[in-house]
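Each chain gets a letter, A, B, C and D, in the order it is written, and its residues are counted from 1.
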Amino acid sequence: MIKVGIVGGTGYTGVELLRLLALHPQVELRVITSRADAGTPVSQMFPSLRGVVDLQFVHPDAAHLQQCDLVFFATPNGIAMQQARALLDAGVKVIDLAADFRLQDIASWEKWYGMTHACPELVREAVYGLPEINRAQIKNARLIANPGCYPTAVQLGFNPLLEAGLIETGSLIADAKSGVSGAGRKAEISALFAEAGDNFKAYGVAGHRHLPEIRQGLGRVKNQEVGLTFVPHLTPLIRGIHATLYGRLTREVDLQALFEQRYVNEPFVDVMPAGSHPETRSVRGSNRCRIAVHRPQGGDTVVVLSVIDNLVKGAAGQAVQNMNIMFNLPESMALNIVPLLP
Amino acid sequence: MIKVGIVGGTGYTGVELLRLLALHPQVELRVITSRADAGTPVSQMFPSLRGVVDLQFVHPDAAHLQQCDLVFFATPNGIAMQQARALLDAGVKVIDLAADFRLQDIASWEKWYGMTHACPELVREAVYGLPEINRAQIKNARLIANPGCYPTAVQLGFNPLLEAGLIETGSLIADAKSGVSGAGRKAEISALFAEAGDNFKAYGVAGHRHLPEIRQGLGRVKNQEVGLTFVPHLTPLIRGIHATLYGRLTREVDLQALFEQRYVNEPFVDVMPAGSHPETRSVRGSNRCRIAVHRPQGGDTVVVLSVIDNLVKGAAGQAVQNMNIMFNLPESMALNIVPLLP
Amino acid sequence: MIKVGIVGGTGYTGVELLRLLALHPQVELRVITSRADAGTPVSQMFPSLRGVVDLQFVHPDAAHLQQCDLVFFATPNGIAMQQARALLDAGVKVIDLAADFRLQDIASWEKWYGMTHACPELVREAVYGLPEINRAQIKNARLIANPGCYPTAVQLGFNPLLEAGLIETGSLIADAKSGVSGAGRKAEISALFAEAGDNFKAYGVAGHRHLPEIRQGLGRVKNQEVGLTFVPHLTPLIRGIHATLYGRLTREVDLQALFEQRYVNEPFVDVMPAGSHPETRSVRGSNRCRIAVHRPQGGDTVVVLSVIDNLVKGAAGQAVQNMNIMFNLPESMALNIVPLLP
Amino acid sequence: MIKVGIVGGTGYTGVELLRLLALHPQVELRVITSRADAGTPVSQMFPSLRGVVDLQFVHPDAAHLQQCDLVFFATPNGIAMQQARALLDAGVKVIDLAADFRLQDIASWEKWYGMTHACPELVREAVYGLPEINRAQIKNARLIANPGCYPTAVQLGFNPLLEAGLIETGSLIADAKSGVSGAGRKAEISALFAEAGDNFKAYGVAGHRHLPEIRQGLGRVKNQEVGLTFVPHLTPLIRGIHATLYGRLTREVDLQALFEQRYVNEPFVDVMPAGSHPETRSVRGSNRCRIAVHRPQGGDTVVVLSVIDNLVKGAAGQAVQNMNIMFNLPESMALNIVPLLP
């Protein structure tokens, strides 16, 4: 049994980790921390977990995280980097669901996240936890930077084209749409039902923190810079990301075959039949990414449609997938969840 | 032209007042205050008002409200009672959209609202602004207590039965459902899209502030106490209240005729044909209350269905209706709005 | 392994059965029928089942249902009664998720459902599949009438009070709210997103088919007629029923203890702590019913709040629970699903 | 007073025309037709119009449309082309809200719409009713092809760039998102609340009927072919279109000034301040188009955000705007509607 701790369990990625880990046959959920809600039963805050999770939130100071085999950070940005060193030194593996270890360029990280990085040397060690790219490194990692939600959907969509050298890399466009849970369980006016409901808008067009993360990921494929325009939108659904990706083809290829072959052995990437339009609900609650590739009117623009559940494959599910890999468990353990439809 | 000021214009009742007053041919919108957002153009906070409202929010200290003919308070509870005396003394009429002047029983008010009342003597003067009950008093009032949203829907539904002495008054039930805008434009987790969306729940079953207001209103009809169970619910829509009212009939009557006659001259109450089920969207954005009355299976339980838009007939629209009455304008002026459907 | 067939798998109860049965370790899904969609892969119609269910829809004539151990009918009303006799004669057990076998009073059934019953004699044999009431009979049944969604939520809420003889039985009120999936996967204007979205309404106040079913169920508790006013409402959520139940207490009792004791051994009924307000999302996707009991202001009206997922405990999940009981499997097998929140 | 008839008033564009025309001071609403619902009061089908519209639907054969000054066709495609000739010959002006007269290339129209055109010669006469482009021709037109919803949002966004010759015309991208009312008031499974709710998807990537209409419109600006990739998406809101437009700049320019100057005199196009993200709800129920222009990270990709209410500026409102122009009325008459927010 893997002894697991969760730091910061009162947000959406926290409750989602609990949903997944509670039924994981190889996990012993030891502790879950919350500074503000220490002493509160988890199932009081999240009644969906009544009868499933019996823990109370524990103050970080009393959490004894060093006794865990693995600690997930489901915290705001800037927390994991404060605590990771001590945990690693104590032999505890760490998966950070926030952004602290995602960008290799420390200066860029500090610019986008507006703080000084507390442990740049760990950034170098950290493995970017996108199993479809980095499975081998994840297997041996002590510290995982779990990818952002948009970056997961966008990279899984663009990568087959980039790997095959099929598209112009200077003018990629990612038009992405996210459900409101992506804003987190935070009291903010813009995420109110009466604000975000029956409404659609773009945001962060001038620059979004996931932009450098996506650029870094796409750039690594061929070890070259890519030009990317990334426009995120807020759409009135709870869970789900839909990325619509545009690239200009540089030569002829059977796109459908390319994508199918690229992902033939991936348990959580589903290349849909030619002509499909994946729906976000078709992955609701599951760790799947579904992808369709189009070439409208036979022109030279390729359109990739990529959907994930932002809280699962875009956060907690991918974290559990990484855990399974790190601990030599079957990669799909506890992740065989059929999406909830309707 | 009526010179109008609005205190506290950054909430939903504030922006709704602006929507209605901006096109009112007899209103000159003079000033709108906000302590936190002084200096911000109204249309920056509410882009729907671009090209319609050119004002900036003004700090209360610089508002010169005494130069207005009428001041609306679209503030949290407890503000209007601090300022009403000075305005009235300066000859300014006041309509409070909050609850400061709604309950005649000061002790009860202080219990439910958790503060000491600042001007009990004005409570006695204040007129409860439900025109279908109090039109004559409203006409001559200086100070209006604009009714709550639930109380409006419930009283308009129950009153014809109570006035006619047709139902047992000891065991009334009001099962009411409200859209999320009823919670206000406040940063609260429970009103987030990801919390209130795709979800339905009751709240405040043990006691809700609108309970004493409804009881007071229903009790005044025959000058007797009524027994009422009031259960509010939160439903995932933005605007709208649906009250489902249950009473036990004490004698035979033509219910449909009773309701139609009661409201035949009311411009904003629409008694629907027998067998109807009014939808909240049928009043969306308008000042209407639509009502249907049923007697299922011919039993002795009468069921009244009453719908309003909580921000219009349940707040800003009713306030404008009250203003029109107070200033001898046609009661429907600026309120002839066709509901937005779909 | 139980060989299972599903008749009529293209509706919401059908896809929900598939979601649950696909991961059931003791079920071999043999055949799923559809007259209109024979030959279509199930996962083409429901992409959420890609990689999970490999079957195609089969024409009923080619389904060889007699080779199954159990057949679920996820069909419109009036289908199961045509085919049940032959299946039972062939030794196949039957669970009907529609209403064909729910009402013991054939005349009443024929009135409410507008057709002649094809096999009244089987109605007498059929067991009403509410395990919390009828577990013993279900165990030995060949034919199960799976309860309706509203009846499940209402009976589980009222039954403890009726069993204890604590409320007046002549004037019960059930004010129930359902998500739109309750209307089925049928092309109807009233269930369009642009009609049912951002809208709330009552329907069927004059009479709803679940009324006689609920009355029958509540009446059986003490073998006496009950008076019930049942008002269903349509609320803009996909899954979920919230029943708000009102009764008049006839004597003092510890309501909280009563409910807790009644359901202490029930795996799928969760009595929440005193003062709770269960949310529909707290059971989303799961087979749970969560209940809270209130006595507002200490009066003589008891208010019970009962929530279920209409497609799970209100349909497919309860059917699987019944199957588990009938086949001597652990009652929760394949039903240990953590609700999806948010 | 303009005598107005509406053909086909039971869809969303029909009820929206009624909402707008009912309060138009220069319009006398004479007749509204429906083959299926002849005899039904309009306000029975659309209770939002109770007390506002007193007409009944009339069978087309009894409609005496020749006595009107203007007839709107709010019908499915292929109806207006059957009747327009006779009306025009009788001196009646015609505005078709469907697509019959939108494409000048008859062969293209017949391919995309799958029928033979009934009156190609009228297509040549028809004026494309986008006032911001064609105001002068609209003024003198007898027959207006009212633009599609997507084409309105996309053309208003791209045109300033094309007119100024600022972007590559071979690789334009329009990533557009529409609310579900765009699918019409038709009983279709894909538009059900339980299908389209809490879900997001692209559709028609291979080709959508609005593609040739947009291409024609963009191509007319400089009288040259444009290359366009158009990807429409369905988003869970009732009203609203959000077009996110991408182009590659060919030279330096002050984009903000360009857009502001282009639309400075347009009553229904609002260029928002630099850095803005227009929300669909900021135009809900109104005839406005709001636009923001961005140049992310100072690169050579320009991003234009354009929002409209698909039923107003994208359909009925634009039709009324065209009527006002045709009949020499103030262009904004009856269209001064403040958007409903929240």
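Remarks
Just so it is clear, a residue touches a chain if its C-beta (ideal position, glycine included) is under 8 Å from a C-beta of that chain, and two chains touch if they have at least 3 such contacts.
All of these numbers come straight from a predicted model, not from anything done at the bench.
Among the remaining chains, the Cα-based centre furthest from that of chain D is the centre of C.
Counting C-beta pairs in contact across B-D and across C-D shows that the higher total falls to B-D. Between chain C and chain D the centroid-to-centroid distance comes to 45 Å (mean Cα coordinates, whole Å). Between chain B and chain D, the centres computed from C-alpha atoms are 36 Å apart. Looking at chain B, residues 12, 179, 181, 185, 194-195, 197-198, 236, 238-239, 278-279, 281, 284, 342 sit in touch with two or more other chains.
By the touch criterion given at the top, residues 12, 15, 19, 22-23, 46-52, 181, 185, 197-198, 238-239, 270, 272, 276, 278-279, 281-286, 288, 290, 311, 336, 338-342 of chain D touch chain B in their complex. Across the complex, chain B meets chain C through its residues 171, 173, 175, 177, 179, 194-195, 197-203, 205-207, 227, 229-231, 233, 235-240, 242, 244, 246, 248, 275, 277-281, 284, 294, 296-297, 299, 301, 303, 305, 307, 342. Chain C makes touch with chain D in their complex at residues 12, 179-181, 183, 185-189, 191-198, 236, 238.
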